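Order of writing sets the labels: A, B, C and D. Residues in every chain begin at 1.
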Amino acid sequence: MGRKSEDSKHDKAARSGRKPMGKAEYLEKLAPLELELDTLARWLQHTGRRLVVVIEGRDTAGKGGVISAISHPLNPRMCRVVALPKPNDRERTQWYFQRYVAHLPSAGEIVLFDRSWYNRAGVEPVMGYCTPEQAQAFLKQAPVFEKMLVDEGILLFKYWLTVDQAKQEERFAERLADPLKRWKLSPVDLEARSRYAAYTQARHRMLEATHTKHAPWTLVDFNDQRRGRLALIRHLIDALPEHDVPGTPIDFPPLPGEPLKERFKGPLRPI
Amino acid sequence: MGRKSEDSKHDKAARSGRKPMGKAEYLEKLAPLELELDTLARWLQHTGRRLVVVIEGRDTAGKGGVISAISHPLNPRMCRVVALPKPNDRERTQWYFQRYVAHLPSAGEIVLFDRSWYNRAGVEPVMGYCTPEQAQAFLKQAPVFEKMLVDEGILLFKYWLTVDQAKQEERFAERLADPLKRWKLSPVDLEARSRYAAYTQARHRMLEATHTKHAPWTLVDFNDQRRGRLALIRHLIDALPEHDVPGTPIDFPPLPGEPLKERFKGPLRPI
Amino acid sequence: MGRKSEDSKHDKAARSGRKPMGKAEYLEKLAPLELELDTLARWLQHTGRRLVVVIEGRDTAGKGGVISAISHPLNPRMCRVVALPKPNDRERTQWYFQRYVAHLPSAGEIVLFDRSWYNRAGVEPVMGYCTPEQAQAFLKQAPVFEKMLVDEGILLFKYWLTVDQAKQEERFAERLADPLKRWKLSPVDLEARSRYAAYTQARHRMLEATHTKHAPWTLVDFNDQRRGRLALIRHLIDALPEHDVPGTPIDFPPLPGEPLKERFKGPLRPI
Amino acid sequence: MGRKSEDSKHDKAARSGRKPMGKAEYLEKLAPLELELDTLARWLQHTGRRLVVVIEGRDTAGKGGVISAISHPLNPRMCRVVALPKPNDRERTQWYFQRYVAHLPSAGEIVLFDRSWYNRAGVEPVMGYCTPEQAQAFLKQAPVFEKMLVDEGILLFKYWLTVDQAKQEERFAERLADPLKRWKLSPVDLEARSRYAAYTQARHRMLEATHTKHAPWTLVDFNDQRRGRLALIRHLIDALPEHDVPGTPIDFPPLPGEPLKERFKGPLRPI
């Protein structure tokens, strides 16, 4: 497929030229989605189903932001975020998927992977942290691994957040200029700047090998992070089976007496 | 100590009568604290020190909110939130602290406990989920357990968020009325309403037994959640040893060419 | 295949009619195998390879005995026996293989599974502890799961210990009569007596589905446990790649002085 | 205490001069102990109590042998042997006891530690694998840690196996000469030879600090390993509370028909 037809098909990219969504509009549109996420979580609890959401994408794309948006309205006992540190020396010699398997959900749980086993399809081969053979083997294993989870009834969704380099540069520059954001910049992250095209290539290979019927990828345009978050959450909710569950009616009788005030014994007082 | 002297000493409670802090002011005051949290996290990484923060308090006090405020600006690979589900049948028969120990930090890590081993000093005895003997044994063990961690060099901070019942009622009512918040209300949570005084008593006992020199509690007034968050974070930062660490200078050369756009092969396009 | 041709082919079964091997002969034949097991373990350490041995078979067949025979001469830090208790309530809702994955070997390790994920092909369907659908799903997943391990370079061997019912009865009766062995008998185990044929059927299905090129089963006749153990260990050693590794020459200089005696301070003396 | 009075008190050391116990006598004496171990295990299951046995001692003393003797007659699902490999790079930065805590028993379980947290009182300071400060801190923490376990109702027994250097030398020499035992010798183990006295000193310090009322040590003379094993198991059984438990009567009806033979479908036949 030539460059041109690619671009012409990708009219949605034009979105990045649109005026970014304002905060008020975002919050207004987010509110009903939060309600639906809550319904979804209650449905999982009710049915014992399990949900895994893999969030991947470029640096600065906004992985952390969308994960916060999803987990924020949910009970942290039902929705866990898994952001594994680099493997320790023993883990490095184990079955590659082993340390991820340990975090798969129990009945009723949502697990959000902030980066995932797909490290071995992205940052690792691009930065030279694994051999080409290991990366190749991973691409072969991942669909098989995922098929096992899906066949067992685990709901699995994989999102890859896209962002154009101009936007990425803008965000890097912002982080550099703003002391409040500067902490997000590390020399290592900056390596990604010059390897934008290599990451694109790696993603091509990854999609080719792991965009399967049982565990498809969804690309989400995060040139506008607010629009991206809304689109991703909308997609996730729509992709799940009908998940209504009867609400528990809540009885809220008046207190029997005057509301109490905090009372303190001993020397401690609140700050 | 009589009721009166208690109240008169507790002039900070008047704070709850103050006009609640507006969002703009909150964000303005939060910004420099986020910078300091970042410095703190880098100091931990640099020195290999480990930080545990226990967040306890009444329902609706705002535990989740302050945990988000702390973790939000930090790298999720260095700052983990631990919100354990109820123990499984095997864990229930193990050493009480065992399942918490598994989540203690490695070098350079921050672990925020959203509720903690102190379940056994609060919700468990108040709701009858443990025997009085178990609760009593816990109060004796907790300071010993914590002393071991502190003696090993782990930095341990314990916060208990206070809120008057009138405020708590207000927040319960809000959750009930607002479909966007209703999900936060469960029949079980509402039990807490009628047991406000029992929770106060349980907290008295807990402070008496576990407010130690090596691991003191800090009460934080969360009648105004924004003020509470700022106060807690400020306290945490000030309580830590001098933690400056030299920043890594960041080189940000211009890109060698035009910024690239996302390019796609195959059928997938971003939503 | 008719009964007759089966039997005629199975001339090895005649072995069970042979005089059982005596202890002296057994120990004499075991000795060189222990040496080879040691060489094998050192080869694994040297190359970082990983070995998984699954031991399955009928009750009384002698699973524990052959596992002891293998692990006995080896450093327990390099050879672990995994005999999982029944799953806890959370594990029961997780991916079936999850709790086994947690015990897979790191570089240089041997893991001996005393019963394994194959519970779901044997005891579980035969005793009604899982649904027929779960058993069916397992038979489909197991070869895929195992292929992933093998493709990653894990050495995987699966043994199923056979024993005729007359022999099994004899061993049950022995356990019943001998107070020293009686503890091995539980009412649950005895259920197996009347389900001998059902276990045979379950094994047929299991072999049909999971005797694969990448992870073949080996049946071992344990009508004579000593012969069975020798045959299994011999097979395991021969099945592994050439695994010689240069021994480390050991320097054993004389002690510089008189050998010391244990000396004791304080009140404690050895019993 | 002078050398002489020490020796004169230690008349049991004379035992090492006695003729070593023969195998037949050993097995005869072991048999009833095995029965008692079985009763003990059933008592633990019945009451849900938990048992931890720490086995420490000099190289060649016979730690592995006594652990095998205890675990051999027991159901491996109720009795686990924990022999941890050296800590990985993350574990090395965690609370020292953390990785041991993960293996503490659930209701009804026996855990046998083949070496334990006491590494930090023996091999680590003697071989220079930890700082003197770490060793010192450990000696202060261990009794506190153990008190927590004991106060929770865990049954904790600590055994240290003694052996005179002449005997140790003899065993080293045996291992060197006998190809069947040579694998037990590593250059590292041999380091212990020249540090016999340093180990004695380290044990003195350990006993002084950690021989407590709630978790006493028992020294066991392993100059004769068979006598040592019998003495240790006898001591363990006697030290436990009265632990009789009603046996489950076992019904052993005759088989309804002829005993079946193993039948095979497909190509596989037993080796």
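One rule holds in what follows: a contact is a pair of C-beta atoms (placed from the backbone, for glycine too) under 8 Å apart; a residue touches a chain by one contact, two chains touch by 3 or more.
Everything numeric in this text was worked out from a predicted model, so none of it was measured.
**Student:** Which other chains touch chain C while also touching chain D?
**Tutor:** Chains that touch both chain C and chain D, as defined above, are A, B.
**Student:** Considering only mean CA positions as chain centres, point out the chain farthest from chain B.
**Tutor:** Centre of mass proxy via C-alpha means gives C as farthest from chain B.
**Student:** Just curious, how far off is chain C from chain A if you go by their C-alpha centres, in Å?
**Tutor:** Computed value for the inter-centroid distance: 42 Å.
**Student:** Between chain A and chain B, tell me the centre distance in angstrom, where each centre is the average of that chain's C-alpha atoms.
**Tutor:** Once rounded, the distance between the two centres reads 23 Å.
**Student:** Measuring centre to centre with CA averages, how many angstrom lie between chain A and chain D?
**Tutor:** Inter-chain centre distance comes to 48 Å.
**Student:** Got the chain A residues that touch at least 2 other chains?
**Tutor:** Answer for chain A, listing residues that touch two or more other chains: 85, 90-91, 106.
**Student:** Could you please specify the touching residues of chain B with respect to chain A in the complex?
**Tutor:** Answer in residue numbers: 1, 3, 6-7, 9-10, 12-13, 31, 34-35, 38, 41-42, 64, 68, 72-73, 76-78, 80-81, 83-86, 106, 114, 162-166, 168-169, 172-173, 176, 179-180, 182-183, 185-187, 190, 193-194, 196-197, 200, 204, 207-208, 211, 217-221, 231-232, 235, 248, 250-252, 255-256, 259-266, 268-271.
**Student:** Can you name the residues of chain C that touch chain B in the complex?
**Tutor:** 85, 88-91
**Student:** Which residues of chain C touch chain A in the complex?
**Tutor:** Listed in rising order, the residues are 48, 50, 90-91, 93-98, 101-102, 104-108, 137, 140-141, 144-145, 147-149, 151-152, 154.
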